[in-house]
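What follows is a pair of complexes built around chain A, which joins chain B in one and chain C in the other.
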Partner chain A sequence: MTVQSPVHTAPAAAGGGSRPKKSKSWLATVPLLAFVVLVFGVPLVIILGGTFTREGTLSAANVTDSLQGAYLTALLGSVKLSALVAVVGALLGTFLAQAVVTSRFRLLREAVLTASGVLSNFGGIPLAFAWIATLGNSGVVTSALGLDSAGWSLYNFWGLTLVYLYFSIPLMVVVVVPALDGLRPQWREAAQNNGANTWQYWRHVGIPVLTPTLLGGVVLLFGGAFAAYATAAAMVGGTVPLVTLQIANALSGNVLIGHENVALALSLDMIVVAGLVMAVYLPLQRRSARWLR
Partner chain B sequence: MAALTPAGPMAPVTPPAIAAGPGGRAGRPRRIRVWRGVVLLVAAVYFLVPLIASFTFTVKDASKGFTLDAYGQILSAEGFGKSLLLSLGLGVATIVVVLLLTLPAMLAVRLSVPKLKPVLEILCTLPLVVPPITFVAGITTILQWGPDHLADTPFFQTIIAAQNPDFPVVLVLAYVILALPFVYRALDAGLGALDARTLVEAARNLGASWPHLLFRVIVPNLRSALASASFLTLALVLGEFTIASLLHYQTFPVWIYTISGSQAQVSVAVSVFSLLITWLLLLVLSSAGARQRSGS
Partner chain C sequence: MNGAKVELRGLRRNFSGTTALDGLDLTIEPGELIALLGPSGCGKTTALRCVAGFEQPDEGAVLIDGADITRVPANRRDAGMVFQSYSLFPNLSIRDNVAFGLRVRKVAAAKRHARAQELLELIGLPQIGERYPHQLSGGQQQRVALARALALEPRVLLLDEPLSALDAKVRVTLREEIRRLQLSLGITTIFVTHDQEEALSMADRVAVLRAGRLEQVADPATLYDRPTTAFVAEFVGTMNRIPGKLSGRTVTVLGQDLPVEGDVPATSDVEVLVRPETVIVTPDPSSEAMILVSSFRGSTSRLRVQLGDLEMLADVPGHDTVRLAPGTRVRVELVERPVLVSASSDVAAAVPVSEHDVV
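Let's look at the complex of A and B:
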């Protein structure tokens, strides 16, 4: 919340005097800033305040509760799932993007890029249902291949990973294709002229230039999987411990009397984790922009 | 919602970079071609099978074999029209509000108060860090706390009015926040490609008023950025489940979830259908973007 104090002072300073002719134009930013502070800032303050309040008194009990037992398992489960999805999705997405970028078929490239744009937004309830219809207990593929008798189940940690990758890989493709396009052929030619083989080219030129983009993609994928709620709710209900499911559970009243604010403490835990991971992303994005123009 | 990405649907809108040089390299090793074929094949199986299987699931019938009944039942299913209209209405309201808030602010920042740009950028990116479920935890707490403490003040009526189940304003407010990062990026890219200062000065010198300038000069020039911002917002609102379901509003995704218990085939049919619609919207958008590029 500290970022918000400059919001109020800055307009006055900027509009103060140096530009007498346009001194009113900062007013155009006021509605947006006020809206964000009110609609976004107030719930955040409430989360923060509620986290440290139990039954009307100041207390850290909610935080302690949110970091032990089933809640801790859920938080760790979410982090584990998101990290796995992020790393695997980034790797597979990069391979797919490279295969498409180096292809001579323009149509293939256009088709994959458009499909990636759509599929990277294919989340929530429809995604869960598409997979349930495919590999769920009475899914088409499940019954066609007789997977149910082989003990297959979609409704566990690995099933969720499989489903989350369905939007994560396309997202990685969308993120990494511009970077792969930015690898100039001259760099490769220069490396080859200097006697480098393919491995050496990637080791010393390709990967270092791509690293910020790749890490940025991992962060983005992590954030997407970490925040996902609808897909998990429709698919696994409560069988896989995830922090988003626990928050929804607590918000629906499934907590001990007087412990309602545990939902807010869990929310704060999530924001802290997501914030830490995102904090890595922003500087990286600037760095990769320098090379890939 | 989970994966709604700033880069996502915009990718086809940005000019496709010239297919890079590797075509020029002679004698590509056979190994690489095989490797590429395998990658593409595995990807095709992974991404196409669920789509084909979902479709099969909706048309398969134990007695008749093949039937499109599930798609016919979508229209007659109870609550379909109402929830879809609600979601579309929320989408339009969100687009109007978010554009009215961001466009003047971003224009002002670009033209005369560049000092505010970092502030705006951070504020508009922050919603990415806050997962929707935590946001809704804050909102529910306020909505529960409000009636207890504000009963005698005008705020009370406002809070009640914002929760009107026929048109929950509270959802519009929340969706505007969720859409901010995507709208900001789309408009920022659009404004960056535009010489806004020259346009504004020329229009002002010719005597245009500010509203005239905004709607007759800036908006037409930003058409494709505005279209992509609107599309992203609409896609977000039409797919958003977390906030609507936890605040107990029957929007379109919540409706799909509700009917899945009794009509599994119909709910999968709607899912397939909604993907097709998204695909169509995106194609329209990217071809509009391409046309504008070739025109300019």
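Let's look at the complex of A and C:
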């Protein structure tokens, strides 16, 4: 990199008097930067500061604790649940979206899209209550079908997966429908015209074109499930180990004296997990979308 | 000869109420380039899609070299198709687009890349194999689409208005190129267009469609000079409609008696169809008629002449333009040759005299 291009040396040769004028356009980003500092910067500083202090002295004990025993179980439980919800939700959401997009009934399409828009924002206590009333231990459906005697319980890992899918699938539908609409009928016909069958069309054209969107959807679903708290708290309390539940637990003082900052360490762990997900996602995204640039 | 013979027999297709094809019969000879011409909605695309296999006719059959392929699925037909626009696979490089059909057929990578390169050279774009479709201009994209359609060496080539999304200049060069390629490959080609100039300049024969039926099929010169129906006469080229009186097979128009060819309507009040280039205009200060507008086109000038209530178009040699300026009184005559006539009420049959490119 020692070879300098003549373009760069030219101004210097000319006397160096005319530096390019500094643009003031960065000023427009000041409000955004202020927002970012307030909303992300300040909490991050607090988290970092708290994580690495115990009883007033600098220490890594919080981090070590957060990666042991019940805390580690909770963290892994969250990752497992979120990954399952993300993958299953993305698959089912995509198939549902494809069914809707190819349907000849306009009304069905409108209905599903509207419902998806609403349901994808359904969460928290109301969602938990809706499920408890329907499929809880004495829920309407549970009683009507006698599911409790068949060993059914909503208050475990699988029950939670089901409830999370309830808002994740609609979210995936909302995300992929525009992408599916963007698949031009000419592509399919051109593929057929070149001898491809339906599977070959999807394998070589349809799925690759959708991949950037699908990956984005998976990450979105993962994030949504990973960060969810209220629904899980209302439904399972402490019976399913989840990192958000553990954080709440620790924050409300349910820890050994002096270990309050473990909650902050757990938050940091969550940030790291999110970072790892992005570290996998971004290169994949870049690779799958290279034809867009 | 690499081309196949294509026969459309009594094709009929209904779309919930609208009849797209209403018994279309057409035979395309091996190696021929035929243009399907007609107003919007007359069924050109539907006919082409029946040949490609994307559309199933309700009745009738499509035959390739005598074999009925009506029920053969699209991906097993021996016809390459170029779509109107945006049909290249966006996620594949140009080379992979062209080689797509070979990949589907599991041809080895080296071999299909070589073939793709060959085709890219054929269309005059040997250097763009690594690029992606969105990095090409519209004209380049259509060339690549053509290369892709030719990759499997089909014996029939189908083009559905492949040039309509391009600007005029690219359109002309590209259509010449398509024609050159088509001739050198000897591939039977069906070219859908609603641009009559495109049809007349490229095709061996032009088939004019009207409401899902074949109106006339003939070579360009015959179609222009000897249209068999008023519809064709008006759709292809520009036509004046001048009132006349019919008696037997002679019509009296502008004081001249001219022989009539083609169908003769039952009424005696008819309109005579006259091409602008068969109208003779000479300066005559004592005449009623007057030139309203003159537009110079190089070798010819098109005049709009007022004659009583009537306005008509006349093409005169370019060098006469000076004598025939707007405001000049002129005498109008018709060249003595057989003319087509239609009943006066038949005006809705085709486009009116006011052609789009007229001053």
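Criterion: the second predicted complex is superposed on the first by the 239 of 293 C-alpha atoms of A that agree within 3 Å, B and C clash if a C-alpha of one lies under 4 Å from a C-alpha of the other, contacts with A are read in each partner's own complex, and residues count from 1 in each chain.
In this section, contacts are C-beta pairs under 8 Å (C-beta built on N, C-alpha and C of every residue); 3 or more make two chains touch, one makes a residue touch a chain.
Note that the coordinates shown come from a computational prediction; the quantities given were computed from them, not determined experimentally.
*Asks:* Scan A:Pro178 for contacts with chain B and chain C and give back first, second, both or neither.
*Replies:* Only chain B; A:Pro178 stays clear of chain C.
*Asks:* Quick one: is A:Leu145 in contact with chain B, with chain C, with both, or with neither? Answer first, second, both or neither.
*Replies:* neither
*Asks:* Is A:Leu67 contacted by the first partner chain B, the second partner chain C, both or neither?
*Replies:* Neither chain B nor chain C is touched by A:Leu67.
*Asks:* On chain A, which partner's contacts cover more residues, chain B's or chain C's?
*Replies:* B
*Asks:* So, does A:Val205 touch the first partner chain B, the second partner chain C, both, or neither?
*Replies:* In the superposed model, A:Val205 contacts chain C only, not chain B.
*Asks:* Applying the touch criterion given at the start, work out whether A:Val87 contacts chain B, chain C, both or neither, answering first, second, both or neither.
*Replies:* Touch status of A:Val87: no partner.
*Asks:* Which holds for A:Ala196: it touches chain B only (first), chain C only (second), both, or neither?
*Replies:* The second partner, chain C, only.
*Asks:* Pick one for A:Leu33: touches chain B only (first), chain C only (second), both, or neither.
*Replies:* A:Leu33 contacts chain B only, not chain C.
*Asks:* Who does A:Ala111 touch here: chain B (first), chain C (second), both, or neither?
*Replies:* In the superposition, A:Ala111 contacts neither chain B nor chain C.
*Asks:* So chain A touches chain B in one structure and chain C in the other; where do those two contact lists coincide?
*Replies:* On chain A, the residues that contact chain B in one structure and chain C in the other are 184, 186.
*Asks:* Help me check something: in the complex, which residues belonging to chain A touch chain B?
*Replies:* The contact residues of chain A facing chain B are 3, 6-7, 10-11, 13-15, 19, 22, 25-29, 31-33, 35-36, 39-40, 42-44, 46-47, 50, 95-96, 99-104, 106, 108-110, 113-127, 129-135, 139-141, 164, 166-171, 174-175, 177-178, 180-186, 188, 220, 223-231, 233-234, 244, 247-248, 251-252, 263-264, 266-268, 270-271, 274-275, 278, 282.
*Asks:* Spell out the residues on chain C that touch chain A in their complex, using ranges where they run on.
*Replies:* Where chain C meets chain A, its residues are 52-54, 73-77, 79-81, 83, 86-93, 100-101, 103-105, 132, 134, 145, 148-149, 151-152.
*Asks:* Enumerate the contact residues on chain A facing chain C in the complex.
*Replies:* 184, 186-187, 189-197, 200, 204-205, 208-209, 291-292
*Asks:* Mind listing the chain B positions that touch chain A in their complex?
*Replies:* Residues 1-5, 7-12, 14, 16-25, 32, 35-36, 39-40, 43, 46-47, 49-51, 53-54, 56-58, 60, 100-102, 104-105, 107-109, 111-113, 115-116, 119-120, 122-142, 145, 173-174, 176-177, 180, 235, 239-242, 245-246, 253, 256-257, 260, 267-268, 270-272, 274-275, 278-279, 282-283, 286 of chain B touch chain A in their complex.
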